[in-house]
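Beneath this line is the structure, given in structure tokens, with notes to follow.
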């Protein structure tokens, strides 16, 4: 494949590469993105100084190679890309990967870093988590369950925010009922924002120095700000040892859109 | 030497570049700087070692290109510049950007970093916030409202200070009245300094690892020091988990003034 | 030896090198891995940028030299290797070394870093510990002792996790009985996971800024996640000052498997 | 000026350069060093690797240029220099600058970093403060006031120590009388060391992430150690959130003495 | 390879260099290492990447120069060397220096860093302390005083451990008797290990961001581990704010032994 990339390097035709490597069928991707028992990884990279010093042809060749790696792995895992540069000081780009097994994610990220483009990437952070069935929802009222099921507004959601969370030892020492009551209050605080802020939760205890990774998408950042303000005021927030650090804020990009930005 | 450079700068004709890219009309800039619902971003950069090793012609060419990028984006967003070098160990220069949407800010900062000058910039920190209507002022007395409206003294305010703030979980757990009473005491402590210290507040919960970004301009740093001392003595300060870290202290510069310093 | 490597560099036949340097007899390795009084060291390295810029022949030559160093030392110490890249942001590769004396481990790691491959390694972290007889088990019930002896399921365990732990001063100030009662509760919480999660404990007080290094292997990461969740809920967890930081997650590799990945 | 430096570079006669740039008259310097309302800045730099690789002639040329910058600014501000290398891991050299306005200090440090020598300096830390009239002394007994006025022993004081301090929120929440009583106890603890340890205090709240910068000079480090031990035992110390971090320890140097060391 | 170097080392005749620079007479060195009022400095360095890329002849030439610097200063100060590489992630080598004045230590370390070898050293950490008469021993029982005087077993002690300590503000706020009683309990906990673990204490308050530097030598690391475990269980440990961070673990080397390792 490496040799093939070499041959390909002169071509500017980014979008016609790897036609033979179809991404996951839509259904498979939807399953990975919606079902419990799927591993989610957030990998943040910064671009080394050297990148900006490459000429345009080289940059495009390297990005083409990167696109090949992504598309090849998209047969088995779901890969989303984000531009952090300009909004976050923690990195330039972010990959969100959903896979049935973390070793599949590892294979992708190793291939990415071994690619010509990968030589210019510095790993800033990797966060791993796992999707699970909702813990506390079963005890909620029917009305609340219905509210939670109501779909978010469709349409583009240009902003994505990732906030890792670690709960205090006190939190885990509480009995299940006490935690459930607080999570009910927590969830009620989110209801006004269900329509404009999409959420997804990953469980990380043991597989990372975190308890949860919370992921959000929105076109209305001010709503997201109000949502977080509301969550800071419920009792459960008192049991949070780490909230953010880093808070990752970026824009959702298509692979081609990200490549276009990086090629400049 | 400074005068010599002034002469030189004119030769390269910094100020006649990009005449076709007019900045925001004064009214638009004023709106961005005074209205609620505007996003404010503070982007701090340090200059890489390589910058000082470029010859004067190259430095001026790169700075001219940077000026072009700034002026192009000034059509839609408000951009202020500051020199931190020599007063802060956190970076060399700072941009303050006001925009109706953070993606506009991102576009500017990506263009800035993709410019020839941008290759020499290392991102040290980015802080995002949002202007909002005053939370607590409605409950203040008429006299205090009048005091707060009194204009600061006009004239140059060479120093700018940025202090990010994170409140404790206990703060957010207090009820609104308790917080309002403490903010009244906080605001009273600021009254003696309204004339000589300008302030602006940004709300950051969720869009950064902060709750607030506080921004100050003054020509009398000792007054600003006294203001902060007073604020440390009110009860609300006990609920502050992070105050500064970093405290960014610099001097307000025009774009040409900053370029002149960087060209040396 | 250096010259010999040079000669060898052209050969791709990684696995036939150093036939004359037999590893520890199986029994010796088993002893090091199972007996008390053995020192365990976890050494994490990242690969410098330069590595990816070497051509394939050079990389293979260097990895062959590295293999030589490992096999030479395997006569006296037990060395296991792991791939962290893509799953952990703390490093690319990890060595776990068991030795009767830490100076034997030091000799290996110094030789490793002095090898041609070692020039591309940056030491990210080294953690030292010591295996000891179980502290609290003697007071457990016969049933629990029997449960703990039950063998884990055999079969490949692709994932390894290392979690360093530091207990609070309060923990060490408790009397032995109180600690023993809490450790009994802790151990009971682990019983459901004995079959699918292998564990090993190292004591580090004094020989590192830690009290314990906990090491896990599993093919079922979700079980490991559930195990950690359970452990966070027992009382003993309240006396943990540091849990992870870093949590190291990687995949178990054979030396040849690791070399194959690094040669790409 | 830059060209002039170039011409000068060949000369080894460090001490005869810039005779035409007189330093502050002794009286002005004394005023800056003793009066309230003066800004004090501590700027710490480390030397980049490249410095040691320059040949002697180049090093001397660069240091000559640096001397020129210092002497030029000494017309308006007071500049002291220190060698930290070998005693502190926080940097190699330190400048202490006293100026009526921080922008004068900024101009000096920008010129310093823009000089040929400045290309080899990495800014490690900058701390800003302000001299003020003594806060608590007015309430002290006449005897204590007299003790405090007693001059320190004259003679060389080779060691300088800088300790930044941040008080806790609790401290600032105490009423003025309570703080005054504790500061009296604090001051009494310093009396036995007045003769051998010189002190100077800078107020930093707001202009840095500190409340105070404490500066000491002594020829008897053991006395200084005893002084700090005594201060740690008074009640006021319980309200100190940060003491040092960094503690900067170095030796007082003349400009020529520092240049001589750096030229080696 | 090791053997080959052995041969080579003799050729360059490391040990006959600088015959004219005699070390301290044995008695002087013993005095520095045993008397109160002596300054002790621990300087930790890592080797830059470039070191490994020098050829053998250059490395030996540089190490020979380093040996000259050490031997020259050994006329006045006591210098011990340690290999940390492979056992500690905080640095590669450590110097322990005892001197009557810290400026003598500074002169040595400046000369070391100015040497050809010094260009490859990165300063990782410097810790300063002072030996003093035992604080609490006068109040101990005669039996305990006798126990403490009993000599450690002689023989090689290959391992050295350095643990910096900072006590809490609460500790210093306790009255002398309370502290003395706790130190008695602390000292009793050390008695079983006096024979196999040598100790030395340095006082650092004021001259570093520490209160104490504790230094240990042993050939039985497991005994040292048991000693630390015992010390963590006495009441005095509850008043320790920082214990280690870093804990430095290495092997004691002769200067020639260290040079041999670094020449590889």
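As written, the chains take the letters A, B, C, D and E, and residue 1 is the first residue of each chain.
Following the convention adopted for this analysis, a contact is a pair of C-beta atoms (placed from the backbone, for glycine too) under 8 Å apart; a residue touches a chain by one contact, two chains touch by 3 or more.
Everything quoted here is computed from the prediction, not taken from an experiment.
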Key: chain B-chain D separation of Cα centroids, rounded to whole Å   = 29
Remark   = Between chain B and chain E, the Cα-mean centres are separated in Å by 48
Request  = Could you give the separation in Å between the centres of chain D and chain E, each centre being the mean of its C-alpha atoms?
outcome  = 30
Key: Multi-partner residues of chain B (each touching 2 or more other chains)   = none
Task = Work through the pairs of chains, note which ones touch, and then classify the graph as line, ring, star, complete or other.
result = ring
Remark   = Ring membership in sequence, chain D leading and chain E after it, reads D, E, C, A, B
Ask   = For chain E, which residues are in contact with chain D within the complex?
value = 37, 39, 41, 43, 48, 101-103, 105-110, 113-114, 118-119, 123-126, 128, 130, 169-170, 172-173, 203-209
Inquiry  = Touching residues of chain E toward chain C in the complex: what are they?
reply    = 1, 4, 49, 52-53, 83, 85-89, 158-159, 161, 163, 221-222, 224-225, 227-229, 232-233, 235, 237-238, 240, 244-247, 249, 251, 261, 264
